[in-house]
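Two complexes, one shared chain (chain A), two partners (chain B, chain C).
Showing the complex of A and B:
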């Protein structure tokens, strides 16, 4: 088995390169050299010589091409590959009993690092990491307390970016009513967005003396509106229609499908309202609603994954928790795109100022949970 | 009872010795020229050919899903076809060695004499058994329903409720030795599933509500029930805000077959369940009533059997078996409960029951096949990048070919065996 390892690595590298080549350019000049073995496309390889160091990713059940979470993490590995010349591969999980199996598969293949995507993999990652202290792990959206020495927990201060979005929303809103809802109240990964939105609106009220109402979430009592799932556009739409009835004109739905429900509701009512995207820039990923997207709250999973792989590759000890913040660029406010002209220069300046204050620690998101 | 013995040639075909007449010596086999062996071979022919056909179509999909194939086909047909065969070969090679182990690894392991290496060589088989375990239970649950003329689509929901109950006993009861704790947790799983099966059973028996509708709806009820209970203080794990249960005690886990492998005694509980259900259906009076009610309710009622009683009991046992599948997961794999532990194992059970033609012993083979496909899919994806979904496609094709035997017979020009009669399970759809 050992002897065939190099061969296997070569073959898998060829597959990856071939895949990259086709993905990048759908018509890779077929006239050129038809006699050359087509599976090996070394010219397309961005890296010099592959290093015998494998970073392997186990996705959660959403699939590798989910336009969100898993895809973003995989992009992080691809970036790490381009930067470091390592080998990368992934396994998709079909259901939650696959997690441990997939981690074991990678352990048996001798992966130097295993990246698991999502808090759902918390238990399986712990089992794998504790049994294999020599293998480095990183897990997205989760951290262990107490920490496991060979696991880097990647968490995201999305509330910081969401606070900027809340400020911008409050500034844009004509009715001074915002609405927000989540999928399932699973805590941090969902409610941080909602916390930030409320805090941003409160900060706006405090600095400008206006009065903004945020429907659907109370960061103090941690209660609010949830659809009960992440999959139903209709459920998100129903809640959003309720918010529109109460005069909201900016809606933040925290979740991929349910968040689109907010846009569907605004479109159906034909009102002057906008919605906010989460995780990635929805202007790009949900183009059918781009005329209604004020901005997006970016959670750059790829950046943190690349960073974690780099830490491991360079032999640095694992950070117990690696927090993506505004300061390190792991979370951010997305561009305003079509609404850029509707955001005044002084609002933009105030956003820069707020961002600087959050980074310096002068402003804490949690200080603005209660209305001023 | 003796009056009903020849009620139905199809049912009789399953029990050539004439079950139902407890105590009576079996009548001498009435000189049946198509021997049992020949019947068995003929019975296996369609499933085997179905698997073969599904793999062939799967291979075609592997080739066609390679985006560069067509470009290369025009430039270099020979090379493109060669590469295509090569990628099918490596994909199926990885699939099979991932499900059964590779001969090289076995030889190397035994030659080395290192016990760790020998154990790891058996890991693929262990994974196959592990994946097959819940499938045996859900397949059995659906098959039992079919035999009683009931189409239980609710195995998924029953599985979850069983898992909720088993997990609760798993973490709430402490300080017991494993030989008490494990059976207790398993029994709780059975009871949970049985309760979820009792509801459609009694609704059907008392009001005529169709079990297909009720069980489908109860699946959704079960999903929401799980989400609700996973957020309850006392059930939800301390320090976690996401829906996840406490970790079950080690004393409630199925012990591994061999230390170091994940396959566990849950598989043998599955085998035991197969033989228990087989005995129940074909060797006990109750089972005879089940099948009589399934085959012809009016005749069964005329013969003095309780249709309501049979329906309720059959649905409860069916639900309980599905609940055991839940224990196979939470006490055998994940050690705790989340809302996504099963992505359709209950529905796979329908496929397995169809493939086994609702025969309990056939369930073992169908579940092992599906388990092998699932176990092998992981190394296949890792080695060749072919998505795990291919396996789902192959599974679906197997079902399609098994469910439409005429298709397979047509493709392979097999003569239609004389007088096979209706399949038992087809009765379950409309009655």
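Showing the complex of A and C:
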């Protein structure tokens, strides 16, 4: 047992030396996305002098240029590099069997920190972290209970940002009916958005005295509309058609691309309506539907990743859970883009006010689950 | 089954009597549910509103909403179901039992919707529109199946053909920037899979179920593989334009029928044409007579000089084209991008619709509407926040498929030579 482990260490060390000798660039060539090389070199050079400390990222499936999760997390590493002068690199996971393989490769390459992107990597990260207590890990969208001492779980209080979106949606809606659906009713990562939307609409009703109906989710009973998976745009479209038929004109679909079903539904019925983006600014990432996107609920993964890398780099102990909030800028409401002119200055001021109140703790999202 | 061999007459009679009794009790059960379960907790003055005018409709046509008193409606439903159940138990409906069963179920479903919409408004027209939308790919699948089976070849591969059609439509449509090209390409790929099935089933006399299953697995594998390896990285290959909705002037303004059948896109109208063509072709032309002869009694057809194998080849390839084009609906007609396994068993439901529709095009369409309705209702119930878990509701369309196929299928007859390879002597 002991000899085999020693042998493994020796072999992996040999590989590392071999890699150092042959590889000119610190990033493995074949997996580098087209955008990566130019940004790596120039940002590293002018700021801090290179430090022999590597932060390595294992992506979720979907590619490093997915305009979402992975790309955003990679930006977080790039920012950390610019700030701290560390070395960064990534490996793309093509499917779920790559998770453990990629983590092991980085372990053998001697990464000081490994960032895994997405809750699907939860099991693989746990295995890697428990076997290598000296290596620091951070995982996006996941936290362990009980916590693993060398893992920082990055989670997002998306309900706060979604509450702002709910307020804006209720203000924009002509029919005073909103609709929301999720992928699978698995709690937090999905339903926080839906909770927030409902709470925002209720807050709008309370402060303006109007009456807004939110279809598809009841934050009190935790029941609502779900597509049953995170892929079926068709099911998302089906539910969206239902919302439109029941007079909704703002639709929030939470769970990967299923939310895009709303746009297909709006086009098919030929009615006036908009959808809300989730995680990233869909105006940028789903440009074919940009004329139908009111705003997006942003999860700023880059900010939390940079923070986690900084914690690790400075030798601070890993926080069991690092929560991104409106207060620390880790979640936010996106820009209105084409709809900016349709949101009144009054509404914008109210949004700023609500944001400040959520940050100060004066307004709690869960206080607005029930209709006023 | 084995007992029937021993004393066919007596057993069948007793079986029929028992079936009649079960159906009668079923009606009474529906009546009891409507009267006691659904009415509980509803205020006597509560009403259920069914909207018949499409939301956001820009047409001048205005139909008032259908408002019914909830409790009274539910008692009426219960009374009707109970009445039917009593007659069923006392003297039965003879050969019309299936029609009566359909009526009873329809009445009960109306009662159920009334319960779901108590104190609320439910867009009935939206459900009906969605029914047609959901029935569309199922009907394409059913038509593909019946083209093949009428000639005596079982096509289990419809699911795979739909999936490949969806994939090809999206990729070719995006790459060329032209939907029509995507649609044609989907038809070609469907034809290719049809040819593969035909060669395996006719030339090599392979078990047709296994040949079809192999094609399904192949289709799911190849489209899934290319979708994760290529489409995720090159999204521009998966962003086709959707075919626009083309409301037909005048016809689309007819209340209820207009929004359902005359406000669709090119796929809906193509489907109507296809149903008409296949119906006419199968039952009123020499081609159809020959196809049916090959499917019923290939040896007899052969002796009068019909090219049995040629007819089968032609029909299976035609079936492949229909399924390929129908599959393109998922991407070019509905959502606008391909997702792994997006057909979600619609090809198999199509097979069920073909059987339920007794291997006729019009029957298959009506059967597809039943399945589409189940799909549409489940989606609507979750929106109205009914006290049923969403996981259960998602199951409903498949549940309906099982019940229908298991319950009614014994009454319809497949082409006699269905699934049997033909060998010249």
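Everything below uses one rule, namely that the second predicted complex is superposed on the first by the 319 of 372 C-alpha atoms of A that agree within 3 Å, B and C clash if a C-alpha of one lies under 4 Å from a C-alpha of the other, contacts with A are read in each partner's own complex, and residues count from 1 in each chain.
Just so it is clear, a contact is a pair of C-beta atoms (placed from the backbone, for glycine too) under 8 Å apart; a residue touches a chain by one contact, two chains touch by 3 or more.
This one's a predicted model, so the numbers in the text were calculated from it and none came from an experiment.
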Contacts of A:105 with chain B and chain C, given as first, second, both or neither: first
First (chain B), second (chain C), both or neither touched by A:353: neither
Partner chain(s) touched by A:187 [first = chain B, second = chain C, both, neither]: first
Which superposed partner A:338 touches (first chain B, second chain C, both, neither): neither
Chain B versus chain C as contact partner of A:89, first or second or both or neither: first
Touching partner for A:145 - first (chain B), second (chain C), both, neither: first
Touching partner for A:123 - first (chain B), second (chain C), both, neither: first
Partner chain in contact with A:61 - chain B first, chain C second, else both or neither: both
Chain A positions touched by chain B in one structure and by chain C in the second: 61, 94-95, 185, 228
Parts of chain C lying in touch with chain A, wherever the complex brings them together: 51, 54-56, 58, 121-123, 125-127, 129-130, 133-134, 228-229, 232-233, 239, 242, 245, 265, 330, 334-337, 339-342, 344, 375-376, 379-380, 382-385, 387, 389-391, 394
Residues of chain A that touch chain B when the two form their complex: 1, 8, 11-12, 15-16, 18-19, 22, 26, 30, 34-35, 37-39, 61, 89, 91-92, 94-98, 100-102, 104-106, 108-109, 119-120, 122-124, 145, 184-189, 228
Touching residues on chain B, where the partner in the complex is chain A: 67-68, 71-72, 74-76, 79-80, 83, 90, 104-105, 108, 120, 123, 127, 224, 227, 231, 239-244, 247, 262, 329, 333-336, 338, 340-345, 374-375, 378-379, 381-385, 387-388, 392
Residue numbers on chain A that touch chain C, as the complex places them: 61-63, 65-66, 94-95, 179, 181, 185, 215-216, 218, 223-226, 228, 231-235, 237-239, 241-247, 257, 260-261, 263-264, 267-273, 288
